[in-house]
């Protein structure tokens, strides 16, 4: 199967990191195709940046959805996830949702550990939107934003282990290491934690593979029913064609 | 005070209708400035269209926020509302949120009555996002989408009264007539209903006025803390300047 | 418009303070009429005192509702609020409810900061009754009851700022300074806080004004349907007449 | 043990009915003392009437609490229940709360069946206040208010059986026959229902007996901590003495 | 009445302790018959051990239910409680559920204090299963498991008082001393606590007595409807006969 | 990888059906080993039967867990699932949980469609236990229990399609066809439904595969911490050895 891994951030190095981790988690048969956002910010860290990214994610999917079996949105707050499910007829997973739902099969409650306090509100909102508050033990993060976002996984390793420990003592059976800069870290520090460590991009990849096996094409049409065809103004032509249903999937 | 009324749909006639209703609800001292979305779809009716609109709303606010006291997002699902609150330091209200919260002061439970089944999922999600499910009696709508969206308020009047009646019998003390095409209808049919009828654009306007009186400038900076300054790629220059904080408010 | 500001406490000095703050928040056109409870306790601080006050509030409203456009119940736990909405056909707001709902338009979560631990249970119950627990970050208060309740705003200022700070760090985007003795304090210390500070009496006033604009007379009859006419025994004659519907509003 | 059964309604015939049913449920050792409200309405059927009754219940308890072991509030919405628990140091139960909590030990979900649509809002609020919404299957009642409230149990018997049946089919394992006029009906029609029938006054009596065995005096002081002593104005002298703590319990 | 007190643990000394406490709480008329699990572990402290115990509890009930009026499951997580209610037509109570529901009549929120961190997950799950999370203030326990489980009540007394104190300060009006080794402790240390202390086995006993008075035989048939008769393989013959309905109750 | 598929029912034909469906969903590399319960009932349809099955599931896992990579519990209410996760250090999935969590990635709300009203209470409890009530649209089932359980999928096909349709119109985006006798039906009737159809055994299989990729051995030790080693009495020797930790995993 072909899996599209979309990085809604504009940083190519982050895409490379996500791809490496995704490759490890994916089944050997799975072909992974990556895309980096052509517009937006280097690293999404707020609801406003995510709102912009959601639009760009739809544009990227409009261009590539017809040629893949499933897509992964590679930013932890899942910008554009529900919108994408509605507009495109292939399984789409997001790092936050996929890791939270996977965590629900590995413990009673999960926590999110991340590298900056900036994400707390946005991540908590993702939990609420998923209706998973009763399984949620909180966001655990350092008190200040790091200078070096890209190198956070390496530089903050000790602090992140301590935060995961604190999350476990607060009742979390599973700890999600959230945020694209921490991609792959769960595999490296998992053995040091008293709780199951979950890597969000790995979770999004294995869940996309799982959905492909479960949800044959067409069925998706029924669920998140595709919006009516519409003319539009000033949008990216490929996305506009998709909305107008002059271009409609596989 | 100056109030910016943003129509995230591209239909000018809808803007005109919203403005007429807003004018009636607003205090005579309030100056209302309207904007129609330069990009997007004629009438937003899905999560994907709302995701695109959220981006456009941010662009419109970036251009006009510095010259007004408050803003109203004039589409019922409130595209871009939380993102706008985070990025701009003025009160911003949305038709769905403002009418739901107002309804909470007029009864124990509220319902949303609208003209098409297309909106059910998106509207229900707005209730969940606001954390108001315990006050919610449901979405009541016809079973099929009308051919004429713009004329819905006039053509479906009888059916909408019947739906509101049904909502009241299902336990709703207040009925929100949701969707921009129904703007102003509450004032016209309210006396025919057994429940309080609420007009969303009126609610958004009076709540924006209320917030301006409550929340002096500056205080807003603290709440939805403004995201860190960032460079960006390929965005609308005014929005990009706002994100880069090279242009920062009033 | 004419706004009735009811102080359910028997302390006239508290009424004067509430009036001063209300006057600042209200639109210049709004005429404010104040009443101090003729029976009850100097300062309501428990569910039992609030239960008594609810009865007195209904008596006060029975006497004055016909001559005003809206009423504000000036005690933070809103004694008699839902009962009043049911019995009288004018908008009635309460300090707790109005400030909580206003806070929901200024941030994701709100906290209540107050001057005594005595109020914790009653205030938390107000949040639950409003169905707003998912937006609530907790009550923050000193560990002991102050000797001087009336002077709490002045004497505890530093401690209250620290509590608000603590509330903000615990995830509150907005902080409600609850309790009549703190009326007006938000305006004075708001600039020192990392979160939006909300004054409850101001919120109750601007929300009462907002509801007057939204809910024309008559509509209220439908929502909280007026109880059937009834004879009664031993009640205040004006309230009894209201319950018997021999005296019925404007 | 001595059990005080307070009827917050002013109708003596209703007190007599409650007493008969209570006598059947109580242990033979239990002495039951009844009181009928000296002020108020013949039959409480709204939040405003309940608010008035709460005050009267406190007055009645202030006069009699010192001479009994426990008290039952004999109106289904439990007027004054939480206030009474706070002010007096004896177990106090209410018909709604006691029957709901008993129902939780007899099935997964309970419903309330009653004889008039007037009670729906007030009863639903009692469920929410108890935090038991997840166990609640709804209020089931006829569409119109009966002319004869006192004779409802006899005249509506068939209709009430049908409503209980409907409640059971909607998932209720236990059905509470709510409202003082239906006191004792559960014992008469229980064998005709597919669900367990619960009589609220019986539940309130057996729960009061149970609490007396569980909660020795003194312990109660800790829980709902007694409010501070206070002077008051214009209140019933016995209640005022209680609030001033110049008269304090057994 | 005859009350069956089932100890799902295999420790006879624990049964003796439970019986002593039950005897104190029960009405003098109540005859208490005890049973100790013939299979299982000395002290259940996990979900897997409770799963095994649930089966054994059903076997014990199959053998003895016909000869008693009610049964109490004497382990705090209530192994087999819902299953027992479904299969047998007599009131069955459990220590956790009965004490939580009793606590709801003595305060707004309850906490569970116990002697080991091992129980935290299982006890929290019991609260969730009962749908009582909104009334729950948390599990309070020492950080490490004691060497001496049976003697925990005596050896940890001081620590348990401190934990109960901490629970009260965290907002618990009632404190449940959970876990069979703590049976009876509430009566001994209750006077030292700022909150109402509840003994679970006492609560289970008085609630079983209360249900017997409320729920006449037969009515139970309707609620948790008895599963259809079935053949089975390899089960305890008495339990198998019960499932096959060749042996059916009193 | 080796996947253990446990049928907690004693019917071999049901195991065969589950295996056929599992084989279709599983990756070609996955080896599937099936087990049929040696004790219990032919088809589990109640909480009491599930309680017995939970014990048997633990015995089956004790015997086979060391030789496989993951296990699937093949009955829709997931008997023994949480207990198994606690006691064994391999991923274990259940048909109900896995299909509900998968459904959360395919739509906003899911419904369960099944072939008998007998399962309603047990299935609803599974949703509550998973904390997924906010995503749940209800159980949809025929009004009477079918005579032929094993042939339900074939005989009731039309009725089940109608129920799924009704579920979709009630707001379900995804429909889970629950109950072992319906295994595989989703693949056959999915194209006839307006919502995504989900097969629970397929979901449990693909999720078990996904977890194996995500959760390397050892990590599981931390999450659902293994209970302390214990002596036991009268249990199956292999399970007893596991509980005594004289036999411990792979």
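So that you can tell them apart, the chains are marked A, B, C, D, E and F in the order they are listed, and the count of residues begins at 1 in each.
One rule holds for everything that comes next: a contact is a pair of C-beta atoms (placed from the backbone, for glycine too) under 8 Å apart; a residue touches a chain by one contact, two chains touch by 3 or more.
On a predicted model such as this, the values are computed, not experimentally measured, just so you know.
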{"item": "Rotation, 0 to 180 degrees and nearest 5, that superposes chain A on copy chain F via CA atoms", "value": "180"}
{"item": "Copies chain A and chain B touch via same or different residues, half shared test", "value": "same"}
{"item": "Reference chain F; chain at largest CA-centroid distance", "value": "C"}
{"item": "Pair in A-F, D-F or A-C that repeats B-C, with over half of contact pairs matching by residue number", "value": "A-F"}
{"item": "Separation of mean Cα positions, chain D and chain C [Å, integer]", "value": "28"}
{"item": "Interchain centroid distance [CA atoms averaged], chain B/chain E, Å", "value": "52"}
{"item": "Averaged-CA centre spacing for the pair chain D and chain B, given as whole angstrom", "value": "44"}
{"item": "Shared-contact residues (touching 2 or more other chains) in chain D", "value": "82, 108, 121, 125, 128, 131, 134, 173, 224"}
{"item": "Chain contact graph, described as a line, ring, star, complete graph or other shape", "value": "other"}
{"item": "Residue ranges of chain B touching chain C (in the complex, touch as defined)", "value": "25, 27, 82, 85, 91, 93, 97-98, 101-102, 104-108, 130-132, 134-135, 168, 173-174, 187, 190-191, 193-199, 202-203, 206-207, 209-211, 213-216, 218-220, 222-225"}
{"item": "Complex interface listing, chain C residues touching chain E", "value": "120-121, 124-125, 128, 133"}
{"item": "Chain A-touching residues of chain C, taken from the complex the two chains share", "value": "108, 134, 171, 173"}
{"item": "Complex contact set, residues of chain A against chain B", "value": "10, 38-42, 45-52, 54-55, 58, 80, 82-84, 86-87, 118, 121, 125, 128-129, 131, 145, 224, 227-228, 230-235, 239, 243"}
